[in-house]
Structure formats: structure tokens, C-alpha cells
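You will see subunit A twice below: alongside subunit B first, and alongside subunit C after that.
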Partner chain A sequence: MLPLSLLRTAQNHPMLVELKNGETYNGHLVSCDNWMNINLREVICTSRDGDKFWRMPECYIRGSTIKYLRIPDEVIDMVKEEAVVKNRGRDMKGGRGGQNQRNRPAARGNFGGRTGKPGQGGRNPPFQKQKPK
Partner chain B sequence: MASSGDKSKNQSGDQKEKKRKESILDLSKYLEKTIRVKFAGGREASGILKGYDPLLNLVLDNTIEYLRDPDDPYKLTEDTRALGLVVCRGTSVVLICPMDGMESIQNPFISQD
Partner chain C sequence: MASGLDSFVNHTVSIITSDGRNFIGTLKGFDQTINVIIDESHERVYSTTSGVEQVMLGLHIIRGDNVAIVGLIDDELDNRLNLANIKAEPLNSVVH
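Showing the complex of A and B:
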């Protein structure tokens, strides 16, 4: 059960989001992405002290500012059905990741070759070690 | 300068990348409209959205900052100050919502207490 899988499954469900600044947002989840950025609709915002309230038709919240999200219990049962599909997707991703990684060392090698001095075993000693002379 | 062969090889990956990069937020619907923005650290402002980029940097015009309680950086007061034309740094944007339809309300959860 991945946190973001649960969140994706919770789309169109009501939820409570608390931000790091203490404000809470009650609304229906419209969409989310891999950074946990979310769109809510029909939102009620509650101030940190719980003494002020605002209604907003929709809002976008940056994922990195979220403390936690409370999601209806029934959503967890819906994730399991999707879990199989998600795993398949993950396997494919793994395969592609391998391909990417095969490409990367070449680029790194070129970069290293440009900066690395010959006869130093490929790795530059830390700068400070060169200094005391 | 990728050759056509490279392109076809990477196409599926590129499409995936595109899908992932596509923002879930379509700010174009807010262009020339007044939006409310909350920032990391507690500042809040509203202004007419003039422009934006994928990093959530914003250009706001006729911007008003909502001033806060000097003792509590997260508590707003009635005071405001005019900032005019502003570029908002995307990394510090916490929340965006349209001003149109945003209203202060009484406790809607009171029946639950």
C-alpha cells in the first residue's frame, strides 16, 4: 500500500488536509500528482486556532506543505483492487529505469574524463588535501 | 540533437515524462482574475494573475498583502497593504485559490460538536 496510491484512489472523495502551518482544509480531492500537490473542490478552510472559517470553491495546495491527510475508511478497500495493476506498472518502470541507467554512466564518464587528472586513479582528492604544501 | 532512431527508442519514455510533468493545476483559467496566494512562513496576498510558469512562479498585479498579527505570523488582521506588481517565487507558494467565491463563514462544523 503506497501512500500516493491511496491518495490517487481517494480522488472524488471528501478528505481533511492539515498543512504544516496548522490550517486544515476540508474538501473533495479533484486530483493529485507524484509530489502530493493536490486540487480540492468545495473547500472549507479552518484557521490554525479553529476560530475562523472560509469557504472556497476550489484550491491548489503544494504537496511539500502538507502535514497529513485524513481519508475516508472505505477508500482503503478500493486500493487493493488497483494494487495488482499498479504493481504491473511498477515492473515495467523498473525495466525502463534499467535502460536509462545504462545510458547514464556514459555521460558521467565523459564528464569525469574532462575534469579528472590522469594518474590519480580517476578520482580527484579533496581540494583541501592538495592545499597544504 | 537526437537522431530519429534515438527519438523512436525514447518515445515511450518521453510520453511518460510528459504525462508526469503535466501540472495538475491549470493556471490559465485564472489569468486576468484575482487569486489568493498563501506563502510559506505565513504571508498571504491577492492579486490579478498576469502570468505564471511551470515552477509556479507567478506574476500578480494590483497585489494586496494581508498583514498579520505581530505576535502570531499565521494570524491575519484586518490590515492590508498594497504591493502593486509582484513576482511570487514558486517554491514559497503554499496555496492558490480564486478570490471569486472565497468568503469568510461561520463555523460550519458546529452541529458536529
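Showing the complex of A and C:
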């Protein structure tokens, strides 16, 4: 299971985020992205020493400043079903669409270029050298 | 890309973070930046005056930037430890 899949599943759940500077942010996860940047709602920020508190309706945290996230235990059971469905989707794309579409045009292009124009083009000198021998 | 962490998945691991803390839990997943998921985790807080204190935490994502060491725990050996008798200096944080 990927950490970012778990984080995505934790959307709309409460969580605690500790930053590298020691501040903690308690709030509900609104959204997150592939860089772990997150949006929280109804946030309580606690200072490094735990002696000062700030309430804010909303905040955005850059992923690179995060030390760790504490997530409700039940979220991990919700991610499993999602992960299976998503992996199936990826396998389909990789096996059928992606590979075939990339390989076919390249292969045809190469063969066409060599056999169709024996007397011209940049790739022909090797052919011409072999013929006199 | 193969990573040495593959074989640790669903096993108990000890994670030393760069701020010198020690998290114990079941490794549920990781990615290429060594962000890790640990489930049923607790923190072991070391001190020289009293035994090791265990703080229950639960499900965590630890960001890879902050992970210094991921070690595999031998559950059987770990269960035999008497943490109340272990006294140690807390680790310092990593100096960059």
C-alpha cells in the first residue's frame, strides 16, 4: 500500500500533522496531492512546546514541511478495496494501451525506411559498403 | 525498482527518525521517497532516570525526509525485553 493512497483515503477524516519545526496541526483533511501538500479545515495549531494554540478555519500545508501524519486507525481498512480496483485499472492501461501504442509505430517506421529507400537517406552507407565486397 | 523494504512489509519495524525518536509498528507500505505507513505504532521514549516509556499512537504516515533508519524487529526477542528496566540516553537529532 502506498502512503499517498492512504492519505487520499483519509480525506474528510480528522488527523494530526506534525511539521518538521515541531508545530502540530489538528484538523479535517480536505484534499491532498502527489507532493503531500494538504488542505485542512477547522484547524487547531499547537506550538512546538505545546503552550500556545491557534484556531483557524482553514490552512494549506506544503508537503515538504511535514514530519508525520497521524490518521484514524479505521482508514487503513478503507484503502484496501480502493487499492485493488485502482491496480486493476493500471494493469489494463499498461498492458494494452501503453505498450502497443508505443511499439508499433516505431517498428513500422524503421522497417519502412530501410526497405523502401535503398538508394537514399542517411542510413544507407552501411548497405552500399557491403554490396561491393 | 526493488527496494530492501519490500521484505519488511507486514512485519514489525523500528523506525528512527531524524529528530531522534523511535517508532515501532507494523510496516504496511512505503514509496520511492521512503514515506512509510506504520500501523498499530507506538513510540519508545528513552530516559536515563526511568525505564522506557511506551506511547501508543496508532496509524501513522512518516514522511521519508524524516526517516533515518528502518530496522526489522524480531518479535519474539522484542517480547522478551523488559522495557521497564532499560535506561538509555535519548538519541540526538540528526545534524545536517
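In this text, the second predicted complex is superposed on the first by the 89 of 133 C-alpha atoms of A that agree within 3 Å, B and C clash if a C-alpha of one lies under 4 Å from a C-alpha of the other, contacts with A are read in each partner's own complex, and residues count from 1 in each chain.
The criterion applied here is as follows: a residue touches a chain if its C-beta (ideal position, glycine included) is under 8 Å from a C-beta of that chain, and two chains touch if they have at least 3 such contacts.
Keep in mind the model is a prediction, meaning the values are calculated, not measured.
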Just checking: does A:K67 make contact with subunit B only, subunit C only, both, or neither of them? Give me first, second, both or neither.
second
When the two structures are overlaid on chain A, which partner does A:Q11 contact: first (subunit B), second (subunit C), both, or neither?
neither
Of the partners subunit B and subunit C, which touch A:P3 in the superposed model: first, second, both, neither?
second
Touch check for A:V75: first (subunit B), second (subunit C), both, or neither?
second
According to the stated criteria, A:R55 is in contact with first (subunit B), second (subunit C), both, or neither; which is it?
first
Identify the partner contact of A:M36: answer first if only subunit B is touched, second if only subunit C is, both if each is, neither if none is.
second
Which touches a greater number of subunit A residues, subunit B or subunit C?
B
Footprint intersection on subunit A (subunit B / subunit C) at none
Within the complex, which stretch of subunit A touches subunit B?
19, 21-23, 31-34, 37-39, 43-44, 46-49, 52-62, 65, 96, 99-100
In the complex, the residues of subunit A that touch subunit C are 1-7, 20, 36, 63-64, 66-73, 75-76
Quick one: which bits of subunit B touch subunit A in the complex? Just the residue numbers, please.
12-13, 16, 20, 23-25, 36, 38, 40, 42, 56, 74-75, 93-98, 100-109
For subunit C, which residues are in contact with subunit A within the complex?
17, 19, 28-31, 35-37, 39-40, 57-63, 65-66
